[in-house]
Amino acid sequence: MAVERVFDHLRAIATGAKYLFLKPRLTLMYPDEVEDLPRGYRGMITYNHETCISCSLCAMVCPADAIKMYLPKEVPEGEKRPKRYPGINYTRCIFCGFCVSICPTFSLQHSTIHDVSFYTFEEQIFRPEEFAKGPPKPQYDKEPVKVRVIPDEERGLRYERV
Amino acid sequence: MSEFVETISRSEDGRFLELLIGPQHPASGHMRLVAEVDGDVVVSLRPNLGYVHRSVEKIAEVKKFLQIIPLVERPSLADTTANNLAYVLALERLLGVEPPPRAQYLRTLLAEINRIHSHFYGIGIHGVMIGSSTAFMWAFGDREPLIHLAQELTGARITYSYIIPGGVRRDMPPDFPDKVEKVLRYIERRLEDYDKLYVRNPVVRARLEGVGVLKKEDAIRLGITGPNLRASGVPYDVRKADPYCAYPDIDFNVITREEGDAMARFLVRVGEIRESMKIIRQVLKKMPDGPIFAEKYYKMLPPNLKKYYEETKEVKFPGIFANLRAPAGESVARVEGGRGEVVIYIVSKGGMNPYRFRIVTPSFRNAVLFEHLVRNVRVADIPAIYGSLDYFPPEADR
Amino acid sequence: MDLEEVVQRVKDALSDLEVEVQEKGPNVVEVKVNRENVIEAARKLKGLGFDHVKSVTAIDYPNERFEVVYHASSYSNLELARFFLVLRVDLPYDDPKTPSLLEVWPSVLYLEHEQYDLMGIDFEGHPRKERLLLPDDYEGIPPLRKEFKIKTEGINA
Amino acid sequence: MMDLLDLILQPWIFIPLIFPGLTTAFLVLLGIIWAERKIAAKVQMRYGPLYVLKPLGGAIQMIADLLRYLFAEPIIPKDVDKLTFIFAPLILFGLSYLPTIVLPAGPGFTAISSEMSLLILLGLLTLSPVFTMILAWGSNNKFSLIGGLREGYLVTTYEIPLFLSALSMAVLYGTLDITAMVEAQKNVWGIFLNPLAAIVFLVLILISTSKFPFEIAEAESEIVMGPFTEYSGIFYGLVMGASYLKLYVLSLLYALIFLGGWYPLPSFLQNPPFLAGIMVFVKGLVIMFIAIFMRAIYPRYRIDQAIQIGWHKLVPLAILSIFLSLLVVYLGGV
């Protein structure tokens, strides 16, 4: 029993020592390396104003009240009932993608952008006009290396330069 | 039940020290534990819940049925699929919708991937609570490949919102089984190293064996759930007792242990990781072809969305989903999540919102174990027992 | 064991009490009982093998009644574990009191406490009357009652 | 200029100020904490400190940390006993550094040559834990109090076997002078003559410097930071540095009495004693490396288990090691 315990100690130490000489690091060196996300990643939303039919399903389904229907800033002359268009509030958005899934005209789509920072809360509210311009680009100090994350039998995850 | 009437036994002469562990404490989580210590011995301990209470049940009453899916995921972030699935099962019973077989298998697949990474989360936290930073880093690192798989499947790392009434939101990518197999082989190999460095480490065993013993009859009496119940020798698992999704077709074992101590609870989790890998392999092998969205809702899609769904196997919601109405009635569903059984009970009066929404999470049912197990143990055993319960305060507080 | 058999057993066990037993769904047996009999009924159901409670839910029907719903099931008898036993107690709206089932099922300790905290149901005999999830100094309407309103914003900005 | 150099090279200046004293101790402090984090990171499949001087793997991370400790506001809580709260860390740090002056840096190169140098060193080592307990008491915090008590229990646990196993080596070599003990190991190192004492002493280094698996007094997940819970800024830097200083002293002692000191350096290289000093230093580093490597392997023991290990295992083994020494002496000695 006691001898067995000594071996257990030695085995634990040997296993730890083994890792001193292996190179299986899992760290992704963000922001020097940035994951090249596949299509289908649920990032920030892009909005196509041209195809939007103003059905407001996106606002109705939004679980966080992030999407709301906005009146245009300037109502066109002679329009009795101006159409409302969606705008998004990224302080609330939870990236569930229900709006994208329910949009019948594919006007809302996911981008793969997810790491954007803002200075104020107001900046994160995108009215339809700004929403149509697309999500802001993330700012990096220097251009990051794009890597693809690949499951690997030896290392768990492997990062391959694109 | 006199044993719970007065668990705090304030001494007259001020001999006992009242120790407030948390909420600002390295190992308390989002809760406070009120411990009374006599020297190094804990006389009694009461958890003080509610620090992160958000009243999910009340919010659900003003949310529409589909909007509740992300809401129920929020309380237990490490184990979102269980809550998502339990809610959708209850909702489907209310709506009378049956998802197609392939969707059932995809649900099972995600649930098991989630179970593995939820268990790694629990193992990691348990490790750092008894002082092994390596167990923590390893477990959290090895969680990453699984989260990556889930991300490929659903598009999100943690909050999947993948399971919707009538099916799932998208099919798996074509090369997915290959990637899963690679990750599973990696985890298998790594579990051997865990075994050598952590599980059989004499210090770990000294800290966990015989600590916080939960007897079988106490576990049943107190309604404990999940791996904590099975570690006390009760072979109850919802996947076997009341099978849902693809589990009736899958061959797997319910891991139980008789000891009921912290080590047993830890080992049940390790055993369940191995069983989950077995289940995932079977699911991928037996995965039937066919639709992933119920016929009832598919018919409601306009032609261009139908075409999109056929081409990309990505479900577009029919417009009715924005204002889904459930018939009056009530339904209850339970699901075996990583931490235990999630029970969801919906009372509907036929509107767009549930009339009463009830979610009982495993952590809330296990919270009683703090005062039951942490008595006449040493101060150092508080984190050892806490960690072994895989208790997650936001999940208990909801 | 199928549902009918369970229903029959429950009926037999509760035959001397005023209860209503019915099937509700594929694996749910519902027992309606008034609050005078609830402890007795629970004790008998526990004797059948329903050894723990999974959920206690109080439902508020404003100015009408409260309902307290216990979802019990079994751990020790795995055949019985497939079924939910729903024990339903009606309470008058102005007197939301019911005996606590803590003596029969210790597993309701936190579950009943939570309903006391959030719905204001008085479980007589329950040892804990302080706040559980709410802040200790909370006063006012219990938040799960219908008269406690929370605002939603609607879809228009 | 030459005079100054000569002055510095005098043992009574060189030892307290250069090696093994202040300068080296300070560099070791910076290096060893960095190495601890780096080694743990390597085992845990991550990088550890990296961005401070990236080409060298973040080697000057600890200088950045030191600056942070220096310039952070040292918060002195309202309810503490101010006198003890401020002075206990200073004294603790000073006392942890003090034993270095007894250590020889090379053959005949000592600041204080005494026939009792081993006893002096051990005596000085016992002083610092008292101040850990004092500052724990002065912090007026429940976690500090428990941490201080744990420290007290551990002191009673490790001191007796530590002395016994060190003295067993004195029995073996027939002297209490560390320099003479090294000279006695010219042919065979102490670790081979009395492996039992060597193992016991190594475990005791872990206990007395609060390293894993005996990091009990500071157990973060239990009692936050133990005696040091209320400390911040430079005071925290001092108390943390003190425990590493102790490790440094004990590791050098281990190198001297078990690992042959400056042997197997041939005698013509021993004078001037620079190479000898480096030899001792490298051996000490190996011991420090072993001590910090344990962080990556073990969780921590419970206090009662540690005390049990101390009294049930280490004390009998230490006594046994004295008999082993006697046996070796009887069979032929060194």
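Note that the chains are named A, B, C and D in the order they appear, and that numbering of residues resets to 1 at the start of each chain.
Keep this in mind: contacts are C-beta pairs under 8 Å (C-beta built on N, C-alpha and C of every residue); 3 or more make two chains touch, one makes a residue touch a chain.
Please read these numbers as outputs of a predicted model, since none were measured by experiment.
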{"item": "A-D or A-C - the one linked by more C-beta pairs in contact", "value": "A-D"}
{"item": "Centre distance in Å when chain A and chain C are each reduced to the mean of their C-alpha atoms", "value": "42"}
{"item": "Whole-Å gap separating chain A and chain D, where each centre is the average of the chain's CA atoms", "value": "49"}
{"item": "Distance from chain B to chain A - Cα centre to Cα centre, in angstrom", "value": "24"}
{"item": "Chain C-chain D separation of Cα centroids, rounded to whole Å", "value": "62"}
{"item": "Multi-chain contact residues (two or more partners), chain B", "value": "134, 141, 197, 201"}
{"item": "Per-residue multi-chain contacts in chain C, two or more chains", "value": "152"}
{"item": "Junction residues of chain A, two or more chains touched", "value": "12, 16, 26, 60, 62"}
{"item": "Pairwise chain contacts under the document criterion", "value": "A-B, A-C, A-D, B-C, B-D"}
{"item": "For the chain B and chain A complex, residues of the former touching the latter", "value": "63-64, 66-71, 134, 141-142, 144-145, 148-149, 151-152, 154-156, 159, 161, 169-170, 173, 179-180, 182-183, 185-186, 189-190, 193, 196-198, 200-202, 302, 304-305, 308, 314-317, 319, 321-323"}
{"item": "Contact footprint of chain C on chain A as seen in their complex", "value": "56, 59-60, 62, 65, 67-71, 84, 87"}
{"item": "Residues of chain C that touch chain B when the two form their complex", "value": "24-25, 27-28, 51-55, 57, 59-60, 69, 71, 75-76, 78, 81-82, 84, 86, 102-103, 105-111, 114, 118, 127-128, 131-135, 143-144, 148, 150, 152"}
{"item": "Touching residues (chain side chain D, partner chain B) in the complex", "value": "40, 43-46, 142-143, 145-146, 149-150, 212-213, 215-216, 219-224, 295-305"}
{"item": "Of all residues in chain D, those that touch chain A in their complex", "value": "39, 42-47, 293, 296-298"}
